[in-house]
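Please go over the structures that come below.
In what comes next, chain A is part of two complexes: it sits with chain B in the first one and with chain C in the second one.
And then the complex of A and B:
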């Protein structure tokens, strides 16, 4: 990176505010390149997205299947989120020995998406009590270079915004079947989702991971930085500015509330950037 | 079911001797020592090579050669229906073994004793010919990692349906029940390293179908050489040579 490490000349007693004002570049984007490809990165899936923040790459694909809804919630479908770290993504992942981060990020992702109430599971219903959509969202990490949760969340959100429901109809046995493009089947019933083929996303969550080190805050760390400095804070905000989740799993640095508030402030800016980025990509796709 | 129309066109509009479009990219995974993405039509595969590095399991270390390991896995969403068990099932284990033995034959393992070379292949989209795409991607990834090899290994499949030899089968043609010949060769040395065949094929036709597959492999080898050359030019340019 071209930015010189001038901050090391200064005393380590410097306030976080001063640091932020003097070295805004180090405070914000660590990575020069960002790209999202919510343009059908996977052709065989119902929704997919390939997201790269710096070198960290995540490929998400959503596959829909029809299932019978549970007894307690006959009007709701289901969204199953799974995060995978295959051995290609990092030298520390070995086959047969899943990475430590894998189930952690997986759980964080499911929790964040369900608590953000981005998706109304009722939209996944087909026939009340009889049939509903089961959406399997699989996030594959293709290159693990830090800030895994941020990139995973962004790619899950991008894939959900790209998701298109397959067309279905009920056949004579009362079972739901997929309808192919050719008109080969009698349509006894047109389900509701025939008109509304995309999911409505309410408030979309975006996140930012920061590392706390002495009095510094490093936003969007790379894997190398994460391995050296262990205290990280992940903040998830939604587009309306509400705090959805705050995650600081221990670490050697004890943070003052001011540091956490600074992290929230940077995250707020990040949310604006990511939102406009996602909107641009989505509208570019529709063209 | 007609796989070759009377005009000589296949299900996807190709001619019997026509391969699908190939596309390759080197260096897709920054964390890996070598990596590549290889696409053959709709089949898309990503390979990453880590090595040579220290052997993780000391008891498996070989004092005169490098240890080559390979893992093949398919993403949950890669095939038509979502897969429950993408690796560890019999097919994946078999293909992992096949790829490992194929690549091991061409890596100069005696030059890297007491080390380990890991080849990981992940199928992102499967539309027939995943084995071949994996081998081609692994070759590129090994070259990107700078691992010494005797020659490139390229692979292609061929079959025989409706009395016509077909090159590079896609999933529809592969599941038609006809013979499926997968071939892996060292193009410069003109040696066959992998040959697998399913179903039944009259022995006098085997020669034909194999020859067709060899042509396919040679075409892929030419493409791979172009990609590697282009990559080297890029590296030179970045170094300011």
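And then the complex of A and C:
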């Protein structure tokens, strides 16, 4: 990907020969203020993360609860993902009226996490047919400045990578109860014993939203850019290179194959960056 | 490699289509779209005066109400409403009627592509000016990497991944072909909307795009025939 002679003057028309101009540098510079705090963000939750990309900030908290699994899948637990946009995040969101974007991003998040098969629900099982974990994953948007889905997905993934299962034991009635760490040596259930208290994540999905405008592709837009230019494409790739989702909801600009391939190339780079970022943060937390 | 499909179709074959318009008498425009066993009904009211608060008053705004056949309105319906709204906004010429609202009500349970085709036909029936039509198709990818077009609900659930793709339809025009191209690809090759589910490789997705384009050419012929001007019959719908 060559470095474009990035003209700051967007009003100059591109010639047909200079077909696409990518402006990755300008935007990556603006969004160099990325930071991830994978754990400790919420002390009372089983897993949490606070993620900031540019100004967009998302806080994810995971709470675990024991429930009886459904009849059709007695070996699987359940993961419920919900995305909230409280009025603090943006002047457009009013109290009492949920934002339009919130159920859409919520569904996109749950679709992406289930399509990518990052989590094996069988790991959430405790006693086959009788008890399994139900994980409530809530993503709260604290500051909505564009590219909401990217930040939300990253914070959900960061929180899941730090999820700690609470210790449980079966009491005399055959029910599962939480134990505190002091009286630990009751009959601990097999998948949740002291060594294996975290989820294993397979290939992790990462996403990038781009705006298409005439012949330009702008990566990682802010809210102001999103409101001016209406065509955006969100591409989710996982670490093994599979395309999990290519989401382009209408918009006045049509996406041709060349544009899609360019966007996929930028997304691949982004996946590498985010993966190394997440790994660094995780290892920093372990120490 | 031929795959056995439940109803004996080949991978590139679409289900039998039927489209009829002006079926509801009170609505300003209406259309039904039947694809195999799936039937979708769309009704259009508008342009009506006034826009909602967050909408731009310099353009007509489009309001979508998606009613599932059974059950309550949940996140799935809200997402489909948003996708349909953005798709229809890009095909309507919205600056002709500023500060108005066009309502599109869709009765469907799933299968977003059928709903998009039906709403397009309903918009034409209502006389809303459009730049071009939107033609929607669903492509699914099997575990072995084979692409199948237009899966039924049962087939869709067994697939590794599927993609809903919406293309603009070909413009039949008196102007020479070159003026309709943007760059080196003709206009019908661009996608307007794409929603995917499930994991597939990038190459699979590009194959889906190619098959989808071929199918959309066929679909747009059918659409053009069905929505074409009818012979004089029936009184005008005044009010």
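In this text, the second predicted complex is superposed on the first by the 248 of 287 C-alpha atoms of A that agree within 3 Å, B and C clash if a C-alpha of one lies under 4 Å from a C-alpha of the other, contacts with A are read in each partner's own complex, and residues count from 1 in each chain.
Rule of thumb we're sticking to: a contact is a pair of C-beta atoms (placed from the backbone, for glycine too) under 8 Å apart; a residue touches a chain by one contact, two chains touch by 3 or more.
Bear in mind the structure is a predicted one, so any value in this text is a computation, not a measurement.
Enquirer: Quick check on the chain A-based superposition: chain B and chain C, clash or fit?
Expert: On the shared chain A, the partners fit.
Enquirer: Is A:63 touching anything from chain B or chain C once the two structures are fitted on A? First, second, both or neither.
Expert: first
Enquirer: According to the contact criterion defined above, which of chain B and chain C contacts more residues of chain A?
Expert: C
Enquirer: Is A:42 contacted by the first partner chain B, the second partner chain C, both or neither?
Expert: first
Enquirer: Is A:246 touching the first partner chain B, the second partner chain C, both, or neither of them?
Expert: It touches chain C, and chain B stays clear.
Enquirer: Working from the superposed arrangement, determine the closest approach of chain B to chain C, counting only CA atoms, in whole Å.
Expert: 9
Enquirer: Would you please give the residues of chain A that touch chain B in one complex and also touch chain C in the other complex?
Expert: On chain A, the chain B and chain C contacts do not overlap at all.
Enquirer: In their complex, what parts of chain A are in touch with chain C?
Expert: For chain A paired with chain C, touching residues are 16, 19, 92, 100, 103-104, 106-108, 111, 115-117, 215, 230-231, 237-238, 241-252, 254-258, 260-261, 264.
Enquirer: Applying the document's contact rule, which stretches of chain A touch chain B when the two form their complex?
Expert: Listed in rising order, the residues are 42-45, 48, 55, 57, 59, 61-63, 65, 82, 84, 86-91, 94-95, 136, 138, 140, 142-145, 223.
Enquirer: Could you please specify the touching residues of chain C with respect to chain A in the complex?
Expert: Going by the criterion above, the answer is residues 54, 74-76, 78-79, 82-83, 85-90, 161, 163, 166, 168, 182-183, 185, 187, 189-202, 204-206, 209.
Enquirer: Report the residues of chain B in contact with chain A in the complex, numbered from low to high.
Expert: These residues of chain B touch chain A: 28-32, 35, 42, 46-48, 50, 53, 56, 69, 71, 73, 75-82, 87, 118, 120-122, 124-125, 127.
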